[in-house]
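Going by the order they are written in, the chains are A, B and C; count residues from 1 in each one.
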Amino acid sequence: MDDKLLEIKGLKTHFHLDQGVVKAVDGVNLVLHGSGKTLGIVGESGCGKSVTAFSILQLVSKPGKIVDGQILYNRNMGTSSNEVVDLAALDPNSKEMRSIRGGEIAMIFQEPMTSLSMMYTVGFQITEAIRLHFNVSKQEAHQQAINMLGKVGIPDPEKRVNAYPFELSGGMRQRVMIAMALSCNPTLLIADEPTTALDVTTQAQIIELMDSLQDEFGMSMILITHDLGVVAEVCDEVAVMYLGEVVEQSDVDSLFNDPQHPYTQALLRSIPILGQGRSQQLNPIKGSIPDPFTRPTGCPFHPRCDKRIEGRCEHVHPKLTRTPDGRMVRCLLYEEVEESR
Amino acid sequence: MSSVTQTPSMLLDEVDDVNEVFMASQRTLIWWRFRKHKLALISAIVIIAMYLMAIFADFVAPYTPNSYSVSHQYAPPMQVHFLLETEDGTRFIPHVFAYNFTRDPVSLKQTFEPDPDNVVTLQFFAPLEEPRMFLGMFEIHHSLFGASVESGERFHLLGADKLGRDVLSRVIYGAQLSLSIGLFGVFISLFLGILLGGLSGLYGGVVDNIIQRVIEFVVSLPSIPLWLGLSAALPPQWSVVQVYLFITIILSLRGWTGLARVVRGKFLALRSEEFVMAAQLDGSRQLRLIFRHMLPSFTSHIIASLTLAIPSMIIGETALSFLGLGLRPPAVSWGVLLQDAQAVNVVISAPWLLLPAVAVTIAVMAFNFFGDGLRDAADPYGR
Amino acid sequence: MTRFIIKRLFYMVPTLLAISLVAFLIIQLPPGDFLSTYVSNREAQGEVVDQAEITNLRNRYGLDQSLPVQYIIWMGNVLQGDFGQSFQHNRPVSDLIWERLTLTMLLSTGSIILTWLIAFPVGIYSAVRQYSMGDYIFTTIGFIGLSIPNFLFALILMVVAFKFFNISVGGLFSPDYATAAWSWEKFVDLLQHIWIPIIVIGTASTAGLIRIMRANLLDELHRPYVTTARAKGQSEFVLIVRYPVREALNPFVSTIGYTLPQLVSGSIIVAVVLSLPTTGPLLLAALRSQDMYLAGTLVLMLSVMTVVGTLISDILLAWLDPRIRVSLGRS
C-alpha cells in the first residue's frame, strides 16, 4: 500500500428500494497513486461515479448502503505515523470519520447554487470547517477564511467574506466551495462534477484554478466528470465506469491514444470533432443504458458492444485484468489474450 | 453527452434520469403513497357510510329525533346481550334489559337498574309504533332495527338525554344537518374561490392586486369573532331553514380564501409557461391541448383542497351550535346535541351525552385522511 | 429595512379602517335600538332610569343620528381612548376588558410556550427519524389530535380530571380566591388551576404545528447543503439544527403573527367551556346581549391585533431570512 493514497477494493453500494435493489456501485476497484496526482472518473449519467465518490466519505444517503468492499485510505502517507484506515468499515457518524471528512479528505459538489446554505455568510461556512479541525480562535479562522477566498481568486475578500451565497454568481460560489474544501489543507480533494452546472467560460476558469491550487497545495484529486475534454486537460490517470463497475483504468495519454475497452473506444468515437463541418456523421453508442433493475447478464456492456463474442460475453462476467503495460481493463478480449500467454 | 435512457419499470414514468432512482425520496414517495391509499380507502368508505346513514336516517334510526319518554330521562346506554335463554334453549337473539326506575326520595335523582326479567328483544326491520315519513316523501312502517313491538319498552343503545330522547337516533339524524352544511358550504367556497382566484391569476396586474388585498383583509378578520358576531345578529324568529342557509354562508366566507390562493397560483404558473405564449401564437388548437393537460392536475388539486376544507366547516358548525349561536332546537345537528353537554355536572353524571363529539371526530378524521390521500395522489411532489 | 416597515405600516392604515368599519357594521346588525333595550332592561330590573342620563348617552354616542355619523363619533371616541359604556354591566368598557386582559395574556402565553416546547422537538424528531415507530405514533396521535375539536377535548379532560383525579376544574381560581385581592397564595391557586386550560389550549395547535414542522424539515433534509455540512465533518445533531432546521423555520415564522390575536381572544370556546374569566366569554356574552360597545371594542381590538400580528410576522421573517433582508436593504 506504500505509494497508494487511496485504494478501493470491490466496493458495492446498493440501494434497497421497494421495486428491487439498485446496484449503483457493484464491485469497483480503483487506485490513486502517489501524491499530488489527479484521478479522473468518467462515465455516462447513472454509471455510479457519484455514488462511488459519496461512498468514500460515507455520505451515501438512505436507502443506499455500502454492502461490501474496502476503501483503504493511506493516512499520513510517507510519515512515521502512517496508518491504513478502511473507510468503508467506519461508522458514518463516528469521530474518526468526522475528523477525516473535511480535515483530510474534502469534497466539493456539483451544484454550487444549492450546496451552500443561504442562511449563513460565506465566511461563517468556511470558518465552521476550519474550527472543526483546528483549534483556533474565531478571529484567526476568520482571517484564514479571507486568505483562502483570496487564493481562489475572489476579488475583495475582506468584504466578500461577509456576503451571503445568494449574493454571488455561480462561478464565485464554486470558488467558495473550493476555498472551504481546501481551508483545512486536505490530502485528497474529491470533486463531483464541479463544472457541470457552470457555463463554459467559468468552467475553464474553475478547472484552471483547481489545477494551480493543486500545484500550490500539493493535494491529490479525484475528479468526477462526464466531460472527456476536462479529463484530457487535468487528469493524470483515468478510470472509466459503466453500470457500477470500472471497465478501464489507465494513464490519460494511453487512454486517449489507445483505448482498450470497447466502451471507451465507442465513447471517444462519439465525440464530434470540431471543424469537420455539418456533414459529419454522429456516432452515438447504439442502444441505451439498461434499466437499473434489470442488468444484463455476463458483461454489462455486451448488448451494446460491437466487439462482443457471441456465446461468451453474455454469460461470463469479465474480471478486471492488468494488461502488460500496467493498465487495467475489464473485458473478455483481454482476458483471453492474457490466458493465451 | 448522456444518452437517452429507457426506463420501462413501473415507478419510473415519473423519472427522467435514471439517477433519480438512486435518490431516497423516490422510494419514500411510493411507500408513503401506498400507505396513504389504505387509510384513504378506509376513510372513503367511512365517509360514504356516514352520508348513507344521513340520507336514510328515517329508516336507520330506531326513533324519530323528538320522540321522548319522561321516564327515561338521562337513561344510561343499554348493553346488548346476544344469547337468550328461551324454552327452546339458548338462542342467538339480540336483546337488552329494560330499566327499573327508582327515584331517590331525597335527591330526586332517578337511578336505572337493568331488569333481567324484562327482556326487550331487538330485531332487524322492526315494525314501528307509528309510521314515519321517509324524507317527507312516503310512509314507511319499519326501521332498520328496533325493539320488537311486543315488549312495548324503549331501548337506548347510546343512552337518553334530559327529555328521554334516544341519543343514538338523534346522532343519526344529526348527521343530516352536520354533514350537509359542510358540503354546501364548501361548494359556495369553491365557487367564490375559483371565480376570484381565477380572475386574479388570469388577469394579474391591478385585478390581482385588488383581489389579493381583499383576501388579506378577509383573512385578517379573526374568524371566531366574525362568526360569533354574525350569528349573534341572527333574528330569533328566523326559521330553521333560514338559519341553516345563513350559517352555511357565514362558514364558507372564510373558506374560499384558501381555495382562491391555490387557483390563483395555478393560473399564474399557467401564464408564465412558455407554451402558453406559443399556443397563443399558434392558434386555439394548442390551447385546447393545454387545458386537456392542465385541467386534470388542476381538478384533482381542487378536489383535495375541498375535501380538506370540509372538516373545518363541520367543526365550525358544531362549535357555533354548541355555543347556541348556530342552529337551534328543534333542529338536530351534532352541535345542537352537544348543547346539552355544556354544563360540567351534567357531563359528569351523563357522559354519554358527549357521543355526538365522537361522531364529529370520526367524520373529521375521515375527511382529513381522505383529503390527505387525495392530495398526495394529485401532487406527489407537493407537501 | 426601515423603509419596508414604514411602507407596511402605511398600508396597514386602510386595512385597519376597513376593519373598524366591519366591526361597527357587525355590531349594528342585530335589529333594535340599543338604548331602548337598555332602558327596558334596567326598568325590568326595577331600577329607575334618569331621563338626563338617557339624553346624555344619546348625545355621547349620537344614537339618534345616521349610521355614518354614529361611526365617526364612535371612532372619534375610540381614538381618544373612550371605549364606551357596557350596557350589560353598566361599567366603562375599558375597565371590564382591562380586568381580564392580564389573565388572558398569561394563559395564552403559557399555552403558546407549551405548544412550541412540544411541537419543535417532536416535529424535528419525526422528520429526521421518518418512518420509525416514533414517527408513526406521533403522526397518528397528531391526526387524532387535529380531528377532535378542542373544546370537546376540554370537556373530556374535565370529566376525566373529575372522575379519576377528583379535581374540580373550571374557572381559574378556587371560590375563596376568586374575588380576593392579589397575593402570593392567590397566585399559587392560579397556577394550580391554570395548567388544565394551558394543556387543552396548548395541545390544540400542537398537532398542526408538528405537521408543518415535519413537512418543512422533510423538504430540507435531503438538500445538497446538508450534505456539504456533513462533508465538512460536522456532527449530525449540530448540522441538522444549524442548517435544515434553520431553513425550515422560515415558513414557521409567518404563523407567529396569528398568535398575537390569540393573546387577546384567548381561545374563546375553550374559555366558555371551562368557565375561564378571560376576554373570550366576555365577547360572547356581549354579542349575545347586544352589548354594543363592549362587543365592538373587543372585535376591533382583536382585528387590530391580527393585522399587527401579521405585520410583526412579516418583519420577523424579513429579519430572519437573509435573502429577504438583503434584498430589502438593496431596494
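Throughout what follows, a residue touches a chain if its C-beta (ideal position, glycine included) is under 8 Å from a C-beta of that chain, and two chains touch if they have at least 3 such contacts.
The shown structure was predicted, so the numbers you read here are calculated from the model rather than taken from an experiment.
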Interface ranked first by C-beta contact pairs: B-C
Farthest chain (mean CA position) relative to subunit C: A
Geometric centre distance via CA averages, subunit C-subunit B, whole Å: 27
For subunit A paired with subunit B, centre-to-centre distance based on mean C-alpha positions, whole Å: 56
Touching two or more other chains - residue numbers and ranges from subunit A: 61
Set of subunit C residues in contact with two or more other chains: 222
Subunit B residues counted as touching two or more neighbouring chains: 23-24, 31
Footprint of subunit C on subunit A - complex, ascending: 57, 59, 61, 93, 98-103, 106-107, 109, 111, 114-120, 128-129, 132-133, 164, 166-167, 177, 180
Contact set on subunit C toward subunit A in their complex: 222-225, 227-236, 242-243, 246-247, 321-323, 326
Complex interface listing, subunit B residues touching subunit C: 23-25, 28, 31, 213, 216-217, 220-222, 224-226, 228-230, 232-233, 235, 311, 315, 318-319, 322-325, 338, 341-342, 344, 347-348, 351, 354, 357, 360-361, 364-365, 368-369, 383
Residues on subunit C engaged by subunit B in the complex (per definition of touch): 15, 18-19, 22, 26-27, 29-31, 130-131, 143-144, 146-149, 151-152, 155-156, 158-159, 162-163, 169-170, 215-216, 218-219, 222, 261, 265, 268-269, 272-273, 283-284, 287-288, 290, 295, 298-299, 302-303, 305-307, 310
